[in-house]
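I'd like to ask some things about the structure below.
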Amino acid sequence: MDSTILTAVIMLGVLAVVLAAVLYIVAQKFKVVEDERIDGTESILPGANCGGCGYTGCRAFAETLVKTDDISGMFCPVGGNAIMTKIAEYLNKTIESKDSETAVVRCAGSCENRQRINEFDGATSCAVMAATYSGDTDCPYGCLGKGDCVSVCNFGAIYINSTTMLPEVDEDKCTACGSCVKACPKLIIELRKKGPKSRRIYVSCINKDKGAVARKACKVACIGCAACRKACTFESIIIENFLAYIDPNKCRLCRKCVEVCPTGSITELNFPPRKPKIEVQEQKQDNVNSETITN
Amino acid sequence: MIKTFKKGGVHPHENKISRNAALEQLIPEGIIRIFLSQHIGAPAECIVAKGDKIKTGQLIAKANGFVSANVHSSVSGTVLGIENIADYQGIKKPAICIQVEGDEWEESIDRSDEINRDLSKTSEDILAKITEAGLVGLGGATFPTHVKLTVPKGKTAKAIIINGAECEPYLTSDHRVMLEHGEELLIGVQLLKKAVNVDKAYIGIETNKQDAIDNLKKIAEKYSGIEIVSLKPKYPQGGEKQLIKSITGLEVPDRALPIETGCIVSNICTTFAVYEAVQKNKPLFENSVTITGKNLKAQKNFIVRVGTPLSQLINATGGMPENTGKIISGGPMMGRAISNLEAPTLKGSGAVLFIASDEARRGTKSNCIRCSKCVSACPMGLQPFLLYKLAELNMLEELKDNSVHACIECGCCLYTCPANLPLVDYIRLGKTRAMKHIVKPK
Amino acid sequence: MNKLIISPSPHVHGEFSTKRLMRDVIIALLPALLVSFYFFGLEAVKVVCVSVSSCVVFEYLIQRFLLETTPAIHDLSAIVTGLLLAFNLPSNLPCWIIVAGSLVAIGVGKMVFGGLGNNPFNPALVGRVFLLIARPVEMTTWPLPLTLVTPDATTGATPLAIIKEGLKNGLTIDEIKASSDYTFSYFETLYGQIGGSLGEISAIALLLGFGYLLVRKVITWHIPITIFLSVVIFSGTLHLINPDRFIDPVFHLLTGGMILGAVYMATDYVTSPMTHKGMIVFAAGIGIITILIRTFGSYPEGMSFAILFMNALVPLINKYMKPKLFGEIK
């Protein structure tokens, strides 16, 4: 009996030693030498793996950050300036600080503003819908509302408003990773500067048709009338193909353009309420504004 | 012997309810719009200006490069200019607008009913005529015919195959052409044979058009080297690769062109257009269009001028039925739904199909039960259930590994799916994305 | 005018729907169901009712309250599972055991994986095997068909179990057959005059259903026929080597739920391979493993285990048995 136990103990003991030796040798032989700063950098990064930096994930970005000498052009939109400064300190490299950005939806064609003229019955996907035809309204540029932007967002920062059927961005959650910008087949979503106190003004329309055509398709379409350009004192508005675009770098947030827009296609966000006189005009705007203004 | 292809395929209800309606001319009124791009390849270049008076059959836009096609006016009248016009799907493209004034044809076009049996033209002459007439494949893909007939260096053509399968349900325009213009069609086949220097031609016709088979067989006795092949009705027999497989038993290798098997495939209407272009000097500005639908007052097979507004076609059949749910350009399996009723017809518009609202909607989507019916139905030997999932998740590398490029978008998978999954919707999307996707070097 | 509907092609749909496929399976099971009612009487009706209703109820409850999805019991798949489970049970099983089996079949066999279409194992078989392991005595006490019941014998073993027992005692097959109550004639096994679970007894009724499924294109021939062939070839070889020790292939085919398993359980869409090639490999595996268990294992019947085992290999089969691409270059 004793010898049985003894044999077992010896056998297992020898086996343990032999296997441990094999493991040790293999581990030594195939050891991968890696810059430990990669691990360090990765631990600073937010770990969202969203691809917003242009690399396949935080690990890949960390490797690139360590290996490249000049990292000034690289940016982690999720971590923002704070994280990038930390990384720069950690790696002893210099970075450029960037204005923090957020996604804006440049379409205000809600069910009320834009008549649905047909019904889509294919797969619930904007990409499939866009490949099939111009869309379920007269505006071939507008939002299709099937939520491709929602399904790609890793942060739950964009959702479809069930009354307007348009996507809305939750600015606090949005990290400006750009996934939704890439996912939108109509190129409606744009990353814009967050602005001071999150105040922003942008044209919420990308319809490039002539004014009459655009207006017929959607009540809040930009008709390219150039009233905003005339009103702007900072030359920040460009009109091309019957469509106005506000350059965020030049805009001083004076709100004059918003007042003069005849169709109400310029959206202002997070501004304090105006004096009563002007509020009458404001009601024309879609409810995105009225909601956020009261915040 | 009745032939068919082996792998996959489905057989939807044929519904060829317009088969007995003889071809009728439809002359457009008012303003017609002719797109500059009615073919695969570069859009044609406009050569007329606002205010120009033009005749029917006059060249109005010139081919821009080799893979492109001439565009001719389908009416006589005054040019109103070039505008961006929404097509069937509401997508805007440049088109020449013409105010119709009478119907005065170019003098060079032979308008007599007499059949021109003269086959003395040389290969170069025939090709030149085809190029000049702006011929494109009328089976749906609208690939310029002269490009197709130009055999690439190092390859040899052995046979011409004419696609008379018309495997899509409802469609009957090819059928009518085979019945009413049998002899012209066979002369067209002889011309095609001569153009590519082969002495064998097959015309594959599904047995649901037995009258067309009998008619052509009778006429073919007069012409050498044309064989009429009876095919068992099965969709997608009219697919180029499937048709070659059915008739010759040869498989077009993966990623290769049909010429690899020595076959050049042409459509019935295209072949008839070849006859008209070469023998009658008539460019391609009209084509046969089936207007059909179970609720339509009259089933019609029209000869329609290119650029005729869709609404005129609908009016000519007695107006749109009350309960129309969906209008399709082409057949129900591969045709595209129409959202814009004012859009003009194109060279390649072969049919307009009205589907009643109770049949227009897809069934409710449910879980995939892995029944493998899509795998059995796929004529290309793919795994649609897998490609669907991969495309939905945007996994482009895996899509490529599973040969998404081979998908011919025939829709057999969705047709057969008991769970009504939008298989081909996503596969089509995944295919487009995977083709564009280039692997980033590390 | 109403709004036009726009969708990508195709714009027509074939005749198949999940519901129709499931309904056809139920119809195909009807002959065997009636035979079981005939041979086992009201007891059988009770088992079927309890099994089907508890499967449907569990499916509804789990979908409604645990998964919080819209219950999809109208696709009839729970009824199929319930019927198949009942077919695998002896008719004298107490109700609570049936309910427990249904809960395992639907809950563990199907819903934990995400419901219809996602389960790797056949739910009915998961339920059956669970009961076989948990309550082996109840699960292997087979009531005799009403036509065979005598005042002193209401239950008996299945033919395969009798032979297994006899072989263990060193008898040859002919001796076992001679000493048993059964006549062991093929004819009786064909129409169902043998002991066994509800659905396995009548080969004719099951084959009738098989014909129906083939005509309605619900299943293809690949899985059932390959199973039959591999069973015949493998057990036939063994039988030729030693007829005293190994049962003849026809007997194998007609007993122990072979037809029920091959036609209705192995062909379950969700748990069988996607390609015909794969199906043949899968089915051959089932046939061989069944005979291995029956002749060399300790269980007299091996169909359930063989199917479950091959179910586990299906993902692997799917990975390697891809359909041949049109025009594939070797």
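First chain written, first letter: the chains are A, B and C, and each begins at residue 1.
Here, a residue touches a chain if its C-beta (ideal position, glycine included) is under 8 Å from a C-beta of that chain, and two chains touch if they have at least 3 such contacts.
Since the model is a prediction, treat every value here as computed from it, not as a measurement.
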Review point. Quick one: which chains contact subunit B and subunit C both?
Key: A
Revision key, fill the gap. Reported most central chain by Cα centroids is B
**Study point:** Pair of chains joined by more contacts [C-beta pairs], A-B or A-C
**Key:** A-B
Revision key, fill the gap. Whole-Å distance, C-alpha centre of subunit B to that of subunit C, is 49
Practice item. Measure off the straight-line distance from the CA centroid of subunit A to the CA centroid of subunit C, and report it in whole Å. Key: 53
Revision key, fill the gap. Per the C-alpha means, the centres of subunit A and subunit B lie apart by a whole-Å value of 42
Exercise for review: Give me the residues of subunit B that touch two or more other chains.
Suggested key: 336-337, 339, 360-362, 422, 425, 428
Check your understanding: Taking each residue of subunit A in turn, which ones touch at least two of the other chains?
Key -> 117-118, 121-123, 128, 131-133
Check your understanding: For subunit C, what residues touch not just one other chain but two or more?
Key -> 4-8
Review point. Which residues of subunit C touch subunit B in the complex?
Key: 1-2, 4-14, 16-18, 20-21, 72, 75, 77, 115-118, 220, 269-270, 272-276, 322-329
**Study point:** Residues of subunit A touching subunit B in the complex
**Key:** 117-118, 121-123, 125, 127-128, 131-135, 140
Practice item. Can you check the complex and tell me which residues of subunit B touch subunit C? Key: 7, 10, 12-13, 169, 241, 245, 251-254, 256, 320, 322-328, 330, 332-339, 353, 355, 357, 359-363, 366-373, 375-376, 378-383, 385, 403, 406, 409, 411, 414-420, 422, 424-425, 428
Review point. Which of the residues in subunit B end up touching subunit A in this complex?
Key: 86, 89-92, 336-337, 339, 360-362, 422, 425-426, 428-429, 432
**Study point:** Residue ranges of subunit C in contact with subunit A within the complex
**Key:** 3-8
